[in-house]
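Take a look at the following structure, please.
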Amino acid sequence: MPQPVITARNLTKKYGDFTAVDGIDFEVAPGESFGLLGPNGAGKSTTMRMVGAVSTRTAGDLEILGLDPNDHGPDIRSQLGVVPQQDNLDQELRVRDNLLVYGRYFGLPRSVIAERADALLEFAQLADRTKAKVDDLSGGMKRRLTIARALINEPRILLLDEPTTGLDPQARHILWDRLFRLKEQGTTLVLTTHYMDEAEQLCDRLVVVDKGRIMAEGSPAALIREYSSREVLEVRFGSDKNAEAAEKLKGIGERLEVLPDRILVYSANGEAELERITHLGLEPITSLVRRSSLEDVFLRLTGRSLIE
Amino acid sequence: MTTTDTSRTPDREDARRALAAGAAPRRFGSWYIAEHRIRAMKGYAGDAIFQSVGNPLIYLFALGVGLASLVPQGVGGVSYLQFVAPALMASAAMTVTANETSYPILLGFKWNPIFFGMNASPITGAQIVNGMFIHIALRTVVTVAIYCGVIALFGAITSPLGWLAILAAAATGLAIGAAISSYTSTIQEDRGQMAMLQRFGITPLFLFSGTFFPLEQLPPFLQPIGWISPLWHGTELGRVLTYGMEEPAWLTATHVGYLVTLFAIGLWATRRHFTRRLDK
Amino acid sequence: MTAASPTTSAPLTRQRSALYAGNTGAVIHRGLLATRSTNYLVVLSGFFEPVFYLLSLGIGFGALVGTVQTSTGQEVPYAAFIAPALLAVSAMNGAVYDSTWNVFFKLNYSKLYQGMLTTSLGPLDVALGEILLALLRGAMYAVGFMVVMQLFGLNLAWTALLALPAVLLIAFGFASLGMAITSYMKTFQQIEWVTFIMLPMFLFSATFYPITVYPEPIQWLIQALPLWHGVELVRGLTTGALSGMMLVHVGYYLVMIAIGIVFTTNRLRALFLK
């Protein structure tokens, strides 16, 4: 059993009276792809900054690669690649120069950086934009350049904070493809997201966080197994009638969740539940049977939606 | 916070690797940042050089020739040109450092937030500040040296130690720059503070620091502006060096001490603000 | 200031078209609101700049100099010599800043004009609005500075009152020329050159010392530039030395305003009404 690359025990961060991260515990194994799933303001980014050795913890223990970030910030950061939520590329420099300059921060020899920069621009599908101004790149390209920059030091761990937030669907898929390749090469990935599809695509294991606390932990499949049913039936009766209809649906499915715009019926067999509803004489305006997702897990754990 | 824990050799291979990789950035990080800032200058180097030559020519013609015609008797035993030249050098240094420590710092935290990017690598907040000041020092020395050359051409440098005025002017600029950056590094929102800094900081310094006339010409209530003004101390120092202006040795020592102290405090405060602001 | 827009627009009514909707007031109104809500302190602070120069050079340097002879042969105290020049310079600086940096930024970056132009406003409404806003600001500074001059006893004749319209004329001249130049500019670097060219004009145009220190060819060059005319005009008024030359100075600015407006209009038409 290899030693974990990240170990957090009772990790806490307070800003004055506000507790952003409230005593969380987790471990990340080498080569693992680990996700923090939660809504905005859950404390994901704060956790990422502490793991990134740029934010001092208020309490608890944190070890990255066996080192304490309080004493070994620069050493730890020499082994990390960081993709922040907001791109912080240098807009005064051109695309390739951004990589060259960043490589120097790690004290790498110029010849090594130049070689890696060309390979990474290829990897990030930016080889034809090396001389472009950063400002002229699209959102997806900027994000890929930021990832390329984060890889210039061949990091042991790549930290990605909301890597695809704000990107269009096509750009997201290109990015997922790149990240999946890194995962295949054995890079440890730690990412935060509030997109369940992203978490399901990229994470071997994840923790669900809300209000600075860990609500559950496991692989996406295991979490769904544990906290949800196999299928979900979504029915809509019209905005004002959902609550009234829900009264009559009691006893149908394993569990009901009444949202303002729809009712979710959790069950192993959605179609069968829909039939039972029709038998009761109720006629939903629309109905949909789908597989359970992490969204349902989150709803179950917190009573709230991930994206509000 | 950044002390290296050498007492314990970690038993883990990846920890040993991290310590080895962190060694170079710990030692040379400031220079990596300076390298970055110099590289970023490529875009506007031509204009910067042109203005470093053009400005001294314009000012020396206007003041050393034009304004000087109104004071044919000179000032304190030397020609007006000789009197005003060291002041112009120090002011030029101030202009460079004030520019470099105002918007670029706001930029680096907000609109082009490269400081956070630097800090995500092994570079520390203090090293970012150090690196910036290495770059600023270089720029200032080059600007002032050109100025000094032009002044020498005008024949306003009579002392063999005249070239030392380059250092005096650069020190003036750096002291003022460090003071400014200790303030600009705390600005969260741009609400015109830069314009205010220029109007109520830089311009009064330029005008009331014994630049165009000896401080004693001012009414007594305005003279203290000069005493606390780093530009006055730097200018007086420059006068001692370029034409051997007579003043007591303790006063000369005070000039040097004041500039060095201001720079040290400014740099210390700026580093502190950077470190805090990056650690959120 | 809403009354000002019809008078300035009079020669332009013939080309009333998409270019000009006669609604400059709306632009000015927005500008005033924006100033009040964000940076009125910064705007207010602009008043202090010439005052600092007057205190420093007028009092400090003036003590070394004593009196200076004006171009009309009058001996005046040094502070009374430079005060009118500072008045003209601050009119120039404000107008040039407003019509170059400010307009350029809004034209190219903040997209404010695109927003304005999608309404019924024409580009000339916007241009005139900005210029008049700049003039309003300039008038405020000028009145403030003239009060300071009065307190220091630097207004030597009643004709100093006429310096106020003179300052507005100067500001209008620089603003309309600045606007014309800006409409041809493509990058911030190009605008920095405007600032760079203004420095020698500021220092050499009889602002701080008579131009007679220079050889004649250089004097002619200086006299061909706009600031010298402004300085001489205002100085003549505050020192009470009236002369026929003043008509030349006024004429210079009228021509400058006309040229500026013609070029700005043509350029804006080319840019926005293709």
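Structural remarks
All chains are identified by letter, namely A, B and C, in their written order; residue positions are counted from 1 within each chain.
Methods note: a residue touches a chain if its C-beta (ideal position, glycine included) is under 8 Å from a C-beta of that chain, and two chains touch if they have at least 3 such contacts.
All figures in this text were calculated on a predicted structure; none of them were measured in a lab.
Innermost chain of the displayed assembly, by C-alpha centre distance to the whole-protein C-alpha centre, is B.
Summarising the inter-chain layout, the chain whose CA centre lies farthest from the centre of chain C is A. Chain B has its Cα centroid 45 Å from the Cα centroid of chain A. For the pair chain B and chain C, the distance between C-alpha centroids works out to 33 Å.
Centroid to centroid, with C-alpha atoms defining each point, chain A and chain C lie 57 Å apart. Put simply, chain C touches chain B in their complex at residues 38-39, 41-42, 45-46, 48-49, 52-53, 55-57, 59-61, 63-65, 68, 78, 189, 192, 196, 199-200, 203-204, 208-209, 213-214.
Partner chain C is touched in their complex by these residues of chain B: 44, 47, 51, 54-55, 58-59, 61-63, 65-67, 69-71, 75, 191-192, 195-196, 199-200, 203-204, 207-208, 212-213, 217-219, 222. Taken together, the chain A residues at the contact with chain B in this complex read 3, 5, 49, 52, 54-56, 65-67, 70-80, 82, 84, 86, 88-93, 97, 101-102, 104-107, 149, 153, 156. The residues of chain B lying in touch with chain A in their complex are 1-5, 10-12, 14-15, 17-19, 21-26, 28-29, 32-33, 35-36, 39-40, 43, 112-114, 116-124, 278-280.
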